[in-house]
Amino acid sequence: MTTAAGPAKGYKALASHINSKELPWFEWFPGHYLKLCKLNPITGQIITFIKSQTGVSLAVHFHPGTVVVYTIQGAWTYDEGWVAEAGDVVFEVAGSTHSPRMCGREETIVLAIIEGALEFRDENGNVTFVENWQTLLKRYHDFCAKEGIQPVDITSFEPTSH
Amino acid sequence: MTTAAGPAKGYKALASHINSKELPWFEWFPGHYLKLCKLNPITGQIITFIKSQTGVSLAVHFHPGTVVVYTIQGAWTYDEGWVAEAGDVVFEVAGSTHSPRMCGREETIVLAIIEGALEFRDENGNVTFVENWQTLLKRYHDFCAKEGIQPVDITSFEPTSH
Amino acid sequence: MTTAAGPAKGYKALASHINSKELPWFEWFPGHYLKLCKLNPITGQIITFIKSQTGVSLAVHFHPGTVVVYTIQGAWTYDEGWVAEAGDVVFEVAGSTHSPRMCGREETIVLAIIEGALEFRDENGNVTFVENWQTLLKRYHDFCAKEGIQPVDITSFEPTSH
Amino acid sequence: MTTAAGPAKGYKALASHINSKELPWFEWFPGHYLKLCKLNPITGQIITFIKSQTGVSLAVHFHPGTVVVYTIQGAWTYDEGWVAEAGDVVFEVAGSTHSPRMCGREETIVLAIIEGALEFRDENGNVTFVENWQTLLKRYHDFCAKEGIQPVDITSFEPTSH
């Protein structure tokens, strides 16, 4: 199953290459930072890195769709009997509610693929606000405007060509 | 947005924790190895690690659905002008055809989230065989049977509890 | 492309047949009725018929994921310049907010395929409650319990065989 | 849950209205006709009406992703013990292979929502050709060119406004 080197003849890879070194981290909540990779304005899929300081938690939130989390560095837990360490994958079915707590010795960095939204809740279970592709795009654009950075079009799925 | 430690009160995280250290690598094609994490028997979603030796390529294949690739180690390219290095994300829209070539100095390891299938093609563009959740599950079960390992139910989305 | 009659040799269709005549309508809100077909407990996909009396509206709600609506009977509008009539399809991208108003002369019946949830909002834009695969399943089970009906397992994707 | 008429204040419905009367039927295979509604060039989702003459079958094909079929008129079967009639929904999990046979007294019309592709197979199970969002778009454009019709942009998910 090994082919000679070179692009597949007559085909297009239709691949968008996201060079993570070219995208910025920006503060999401105190102790939590985002590096957005892609936002799908049709389906609402969110592909983002999340970096969190040691010891912090993210407030309780609900996910109407699935979430896949790959842990790159550090460790975190929902305090349900397991800890996600570097190299682990966590799959969350639609309808999960949780509050991840960072429990590693260094900053925790994950790649998260979120279908739809994060809905933060108060102590009574009421939704306080909803984070989705639209609100995250605004956060990124606001950060770029403040820093004088030209934003990358992270909602585009055009193939990368250099 | 930081809460006290402990599980979110009254909620279930509905999360399946995949401890990557407990899952086996098995040979897929010469020079290429898989570590399957989850196979969704309803939607056909495939979540898998792929490890490839330096210098090898994977034969030309077509994807009817999307692919998200996170590069953990090494480097690879479609020879279309960019190289995916450790930390990068590649998003492939439905209908892509390509032959990834490993171009790093060490083994390349990626996490791939594939919707649907990989369809390998011969030099004339004809489909030689199709790899999907069903065929990959059989590969994993065959490997476990040969090695005398008890397979994990990677098609289950039940929450992890210890 | 026409084959002889009979099942495809050696293959399984893996199809779940939902006989709409065997599933019940139940009241959702005054003037609105649901007939649930399938709820996907992994992805959160909701496949349901919705029947609404003439002249009523459904309260303002937000969708974190996509919605596909096929209109079977009647007519409805978001008062944005078009009317969906019998035979029409409406595709809503993730992040839409709206209040459908029935504007036909007879009851409106639609088939809706909803990824994730419906989130109802008050006049200030605050989320009043969230409807998803879990809450809808409870509504269906509560209705069946009250009526003494044996519920169908609408979360199962096992192939139908008689 | 009933609101006053009028668009939801301050919100956008983000809805694309597909007036089925404005889209053309075109021949797909002898005895089978398509009316394409939407093709998602990112995910590969296909939303299409299919009309088939009485008594014909569609050749054996495989689906790498899910299929939802709503039967509008007529009847069809996979000859596995059930018949889909007008009003019924069929859900096919990823990896299904089948050959639908029309068994109603009138033309069969269905709405199909297909994730990814249809892969036609010969008697030996070999893939003869693959139909996906790209090939279907070409069929539609070829038909429009031949008939001198201006094609609608069925790959756009921009909201409809008149």
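Letters A, B, C and D mark the chains as written, and numbering starts fresh at 1 in each.
In this section, a residue touches a chain if its C-beta (ideal position, glycine included) is under 8 Å from a C-beta of that chain, and two chains touch if they have at least 3 such contacts.
No experiment lies behind these values; they were computed from the predicted model shown.
Distance from the centre of chain B peaks at C, each centre being the average of the chain's Cα atoms. Matching residue numbers shows that C-D is the pair in C-D, A-C or B-D whose interface repeats A-B, with more than half of the contact pairs in common.
As a whole-number value, the distance joining the C-alpha centres of chain C and chain D reads 18 Å. Separating the centre of chain A from that of chain C, both taken as means of CA atoms, is a distance of 29 Å.
Remark: chain A and chain D have CA centroids separated by 33 Å (rounded to whole angstrom).
In chain B, the residues that touch at least two other chains are 40-43, 62, 93, 95, 157.
Of all the residues in chain D, the ones that touch chain A in their complex are 40-43, 157.
Those residues of chain D that touch chain B in the shared complex are 40-44, 62, 64-66, 93-95, 115-117, 119, 126-127, 130, 132-134. Chain A makes touch with chain B in their complex at residues 1-8, 10-21, 29-32, 37-38, 47, 56-60, 62, 68, 70, 72, 78-82, 84-85, 87-93, 95-99, 101, 111, 113, 120, 125, 157, 159-162.
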